[in-house]
Amino acid sequence: MFNNLPVLIVVMLLISAFLAPLFVRRFRRATQVVAGVVTWTAAGLSAWLLARVVQAGPIRFAVGGWPAPWGIEVTATPLSAFVVTVATVIVAIVMLGLPREQRDWPSNRAGWYITLLLLLTAAMAGMTFANDLFNLYVFFEVTALSSWGIVAAKTDRSAADASFKYLMLGAIGSSFVLFAIGITYVVTGYLNMSFASAFIAAAQLHPIIPWVIATFFLVGLALKAGLFPMHIWLPDAHSAAPTSASALLSGVVVKVYAVAMAKVFYGLFGGASLEAMGISEMVRLAAVLSILAGSLFALVQTDIKRLLAYSTVAQIGYVFLGFGLGGTVGVAAALYHILAHGLMKASLFLASGKVIELRGSRNIKGFAGAGRLLPLPMAIFTLAALSMVGLPLLAGFTTKWYLFNAGLEARLYWVPVVVILSSLLNAAYFLPIVWRIWFGQGEAEGAADRRVPGLIPLAVLLVAVGLVPNPLLNLLQQAAAWLIS
Amino acid sequence: MRKIFALVVLLPCVAALILLAAELPPYACPDNPTNNEVPARYLEKGVEEAGAINIVTDIIVDYRAYDTLIETTVLFTALVAVMLVLKGVEKQNAR
Amino acid sequence: MNVLILIAVALPVLGAVAVWLPSLRRAPLVAPLLTAVLVALAVAGLKLMPGGGETSTWWQVAPGLSIAFRADEAAWLFAMLAAALWVPATAYANSYMAHHRHKVRRFFTFFTLSLTATMGIALSANFFTLYLFYELLTFVTWPLVIHNETPDARRAGRVYLIYSLAGAAVVLAAMVATWWVAGTLDFTPGGLLAGASPAVIRLTVILLTLGFGVKAAVMPLHAWLPAAMVAPTPVSALLHAVAVVNAGCFGLLRTFYSVVGSAALEAAALSTSLLALASITIIIGSIFALRQDLLKRRLAYSTVSQLGYITLGVFSGSPGLLLGSLMHFVNHGLMKITLFFCAGAIITRTGIEHISKMEGIGRRMPWVMGAFTLAALGMVGIIPINGFQSKWFLFQGALTAGRPEVIVILLASALLNAFYFFPIIGAAFFKGEEKWQSEGLSSALIWTPVLTAALCIVFGLIPSLLHPLAAETVQSLIN
Amino acid sequence: MEDLLLFIFLTFLLAASLSVCFIKKLIHAVIVFGVYSLVMSVIWQMLGSPDLAITEAAAGIGVSVIMIAVVTRLGREDQ
Amino acid sequence: MAEKLLHNYPYLIAALIFAVGCYIVLSHTNLMRKIIGVNVMETAVFLFLVAAGNVRGGKPPIIDLANPDVAYVNPLPSALILTGIVVSVSVTALSLALVVRIHRQYGTIDADEIAAIRSAEDV
Amino acid sequence: MPDKILREITSLLLPFIQMYGIYVVFHGHLSPGGGFAGGMVLGVSLVLYILVFGLDSCLRKIPHHLSSALESFGTLWYAAVGFVGLLRGASFLMNKGAGIDVGTPGELFSGGLIFIITIGVGVKVASTMLSLFYTLVEED
């Protein structure tokens, strides 16, 4: 029964998603509550799973009782359990704000939106647990379809346009990933990553084969994750979506793709051969370009949501950089950043969503004087922004510190330089907003309703993660060690 | 311009794929890595273990039933997304 | 956990919160002053109580990254100087803000928070803590720089922020390098980099010089300081005499001798070029000061130049010069805060900011201008005042270190100081006519400069007040 | 013999995909795409996957029909 | 190499069609055409996998219970592609819905015209 | 407006197409095809019906909310069948391993859960095609 847990978490979310559109018309509030409860349950279960997995070692579960090369194998490792826990917790927290966000929506739209959120969560969990390449692909598509759907959830026309752009590039990405999976299957005869990797290690393959596989995976997943040259859909999509969707897309979804990439790369090839093929170099290069270009683009934005989206392009670069650097420290840094950035970006989007609602405009000028109207949300915005800048004792700094260590361990001395440069750029676009919030002259009216549900838990977690990173990092180093071995 | 860009992006891709196609295991050869113990078991024991004589059905509904469950979910997701995209969106003045 | 250190570092945070207490109408005025006094007492107590030199760790963030404090000699010297001068500065600020009512609560919040950052820098026991509070200092002083919210102030704030953040980032890079080479960030008397290769040491030293040099206003990195003159005068006094610039100098001192180590510093063989840098700062700063007509800007460039004295000693690595520079560290703080207090008093009373319009002002405000004169004479290095002492020890140090060229620099600088201070004094007392209407001034605007000027004389007359402390510090840094 | 037939069909498939790219009128491209999926379904039958052939035939027809319906509706409104 | 390529011609054709599909998506501005391009790309991958599953002389994998000694083709790729087809239908459905909506809201389905409208809106 | 011949021919053909679709669904475990192919054929037949006889006549027979509900239901059906194995103490989505009688291979009622799942999938795919077409063609 316990071994079924990785599948059951996914199926539980799926079933609630199937039921949601049936009931939402009559019992709208109840549907929202049930969706929240289910997500929290999933979060709790995955946390339990994480605890068990850390204690007793990874779980390999053969769905339907068919052992690995024949059936589908699902693995709960410290890595996947951690990522699923992070994803479900952030989704659950963001979902706290749904009743408020959907006040003016028609019932059926609200239901479909909730359904898609649940499907998205389920698919992310499934994708992370999958150890079978084709299973990974199918979940990949559910994630993609549901995110395309929620991007278009608003009825204004830029949403449709953004969603279509996202869809086209995402579909190209999926095709690349499927092609890579196909080649892997044709070459090795296995879809299970463990078996395929054993085959690749044993067989004398022509060097172009693993190279093309890895490159196709990289192109496909980087397209989905919005790494620099392939990020063009991201600012449109993340800014056109409703606030909760933006928070999730920026905070969680892109990172799950990064994790998928890490799983596939380390699962199929292993760190040494990635380095030898030059794939690690490629990942690092893309990550650095992403970090710098994302920050530079963010610098010239006037639309807060686009600014945050470009900042996501930069921050996803950190995650890829960590994975590209390899080594326990680098991977642990990447995993830590997945959590930290998820919390930061979700808080930033939620808090700025409140300001957008208040001012009716997404221009960053709207932040002027917002600190007096919305003291608590804006304080949390400031906290998250400073964390982005990488002030010590906040979560962003820990990531930086571990990336430094990873870079120096890999003897890549430009890593600290790039990271420091990027945090300066972050400061350059976040601090003016912070100044505007507290000291800017803005309209003093409005803000009858100061509550932003979910913001306080996010902030508490963010502070906790920043102040006490040690236990978490020990856990993450275990997870990283498992991934690399 | 757009076409040139597309070509520039795609040419290396095509080159890599052609090089790859030459190095892949020979087409339709019974000794290929794909014809390993996995399809062998499906074909030999599938009828007995899963009960359908159409082995493809055996695989999609029994051996890899989880994939198929998710696949129906894909269809469901698409439909929900389609409804979210189209329902209740009025026609706007275009330009 | 040492209670006195806890008070020194954490109490100002409470004080800053207390500024906003709605039930106390005069909370913005009382709380900061009370905080400053308590902190000064606590720091003084650190010297008297046994066990002050022990490390007390507050928080272990990650392996190797902990927040820890220790009040060793150098730490105490800086902490005491800052805490002691904070009291008159706060009193002065109270009076000043009573005249310039603009966002008083906000002003005092950040003013008091700056004390936390300064104490944190002074008492830090490892590089991480130092870096943390160094970064924090930027963030809490930035709102003070742009307090007036005029376009000029905003521009100055932006410049200040860019310079400071870039500096902090470079410090961070140095910290990473240290961590990588030494595997620890705890300050140790002999330094951490003793065994490292010269290239790494050189890189670290350069990074440190750039990083802390920003706040210490080493010459190519000084531009923020004159720009920041648009801030209210108590802030200028604080920034230029007590907190920020001294934090930069202290950071240099701390990291050069407790992180790099004097032996490694010698191995890096950079002292000649660094000394040249400091010398250029001294001379060019003075020349720039000559050309300013705005009093506060002239004082700012004078600060740039005088900070060169301090960095000179730090960069040299020789005990004698270091002794002199440590004494100047304290003496310059006293003198410069006096000068700024006077400038603020003049501005508040007469609204005059330009030197060319100050003719005869000395007869109108004899106490203030008297204090100004004393401090200015000290700057030039006239005998009974404390400025003379530091220069004297610097001369001696230069001779024992075998660097006679330093003496030439110091003499030239003294001459230039005289050139830009004497005209002010002359104009104030011997020119112009008495034509201003006197306005009532709050007493603190007058007695604080007088008090600090008196301290200048006391320190000048009794060298044994400061010299043993400085010698002890040098001993602890170079052994 | 079978290989030759397959070769011809595959070449035809490539030609169909290229013509989808270069045909000017959209509705024609959609129709060619329908033909393309039919050819694909025949190829899959030849490759030994009748399940796929049926599914692709049904799906290809379904998708093409919907596409044509959408295109004609959009086209009608354009004129 | 040419000989190998000739022997692997289904793979080669699949690779070329994949590239053509990608080219259609990237080079055309008409959104409908982009959708067709994505479909072409996906079917190319399917072709690749199905071809890889073929075995010379193999029968379709429907077990002839009376005759145990028949060689069958590999059933696994077929099973995978069955899933793949459904996925591609779903993606096509959603993209068609988006095209319909874009047409409703912008009055055009040309990417360049939409971009022009958007940039005019921004000013 | 479609002409009379088209209507007549369609009304003649449709039962056969639908019969074929249902056949494919029911014989998924015996012959090529299965839930997806058969469901798709059924769905396409309904689309054909709409194209010839108009949206309204189809909406009268199968209302939109019914097809959407069937759609949810088909997917749920699958997931629920998955729990059978779990309830019998084996793992999720287990068929014969969980002790379910798979019957004699080659007969119509064989394959255990496969048969049940296939029907659910067929219903789901057909209703999805229909709902999709409804949503795409609807004017509002």
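Observations
Letters A, B, C, D, E and F mark the chains as written, and numbering starts fresh at 1 in each.
In this section, a residue touches a chain if its C-beta (ideal position, glycine included) is under 8 Å from a C-beta of that chain, and two chains touch if they have at least 3 such contacts.
Model, not experiment: these values are computed from the prediction.
Think of each touching pair as a link: the shortest run of links from chain A to chain E has 1 of them.
Once chain A is ignored, the contact network of the remaining chains breaks into B, D, E, F | C.
The chain pair with more C-beta contacts between its two chains, of D-E and A-F, is D-E.
Taking the mean of C-alpha positions as each chain's centre, the chain lying farthest from the centre of chain E is C. Taking each chain's centre as the average of its CA atoms, chain B and chain E sit 9 Å apart.
Between chain B and chain D, the centres computed from C-alpha atoms are 17 Å apart. Work out the mean CA point of chain A and of chain C, and you get 45 Å between them. Rounded to whole angstrom, the centroid-to-centroid distance between chain B and chain C, based on C-alpha atoms, equals 68 Å.
Those residues of chain D in touch with two or more other chains are numbered 49-51, 55, 59, 62, 66, 70, 73.
Each of the following residues of chain E touches two or more other chains: 9-10, 16, 18, 21-23, 27, 44, 51-55, 60-63, 65, 72, 76-78, 80, 82-83, 85-87, 89-91, 93-94, 96-101, 105-106. The multi-chain contact residues of chain C, meaning those touching 2 or more other chains, do not exist; every residue touches at most one other chain. Under the contact rule stated at the top, the pairs of chains that touch are A-B, A-C, A-E, A-F, B-D, B-E, B-F, D-E, D-F, E-F.
Residue ranges on chain F touching chain A, taken from their complex, read 68-69, 72, 75-76, 79, 82, 85-86, 90-95, 97-98. If you check the complex, the residues on chain A that touch chain F are 1, 3-4, 7-8, 11, 14-15, 18-19, 21-22, 61-65. Every residue of chain B that touches chain F in the complex is listed here, in rising order: 47-54, 56-58, 60-62, 65-66, 68-69, 72-73, 75-76, 78-79, 82-83, 86-88, 90. Interface residues of chain A facing chain E in the complex, by the touch rule stated above, are 134, 138, 141, 144-145, 148-149, 152, 157-158, 160-161, 163-164, 167-168, 171-172, 174-175, 178-179, 182, 185-186, 191. Listing the residues of chain E that touch chain A in their complex gives 18, 21-22, 25, 31, 34, 38, 41-42, 44-45, 48-49, 52, 76-77, 80, 83-84, 87, 90-91, 94-95, 98-99, 101-102, 105-106, 114, 118.
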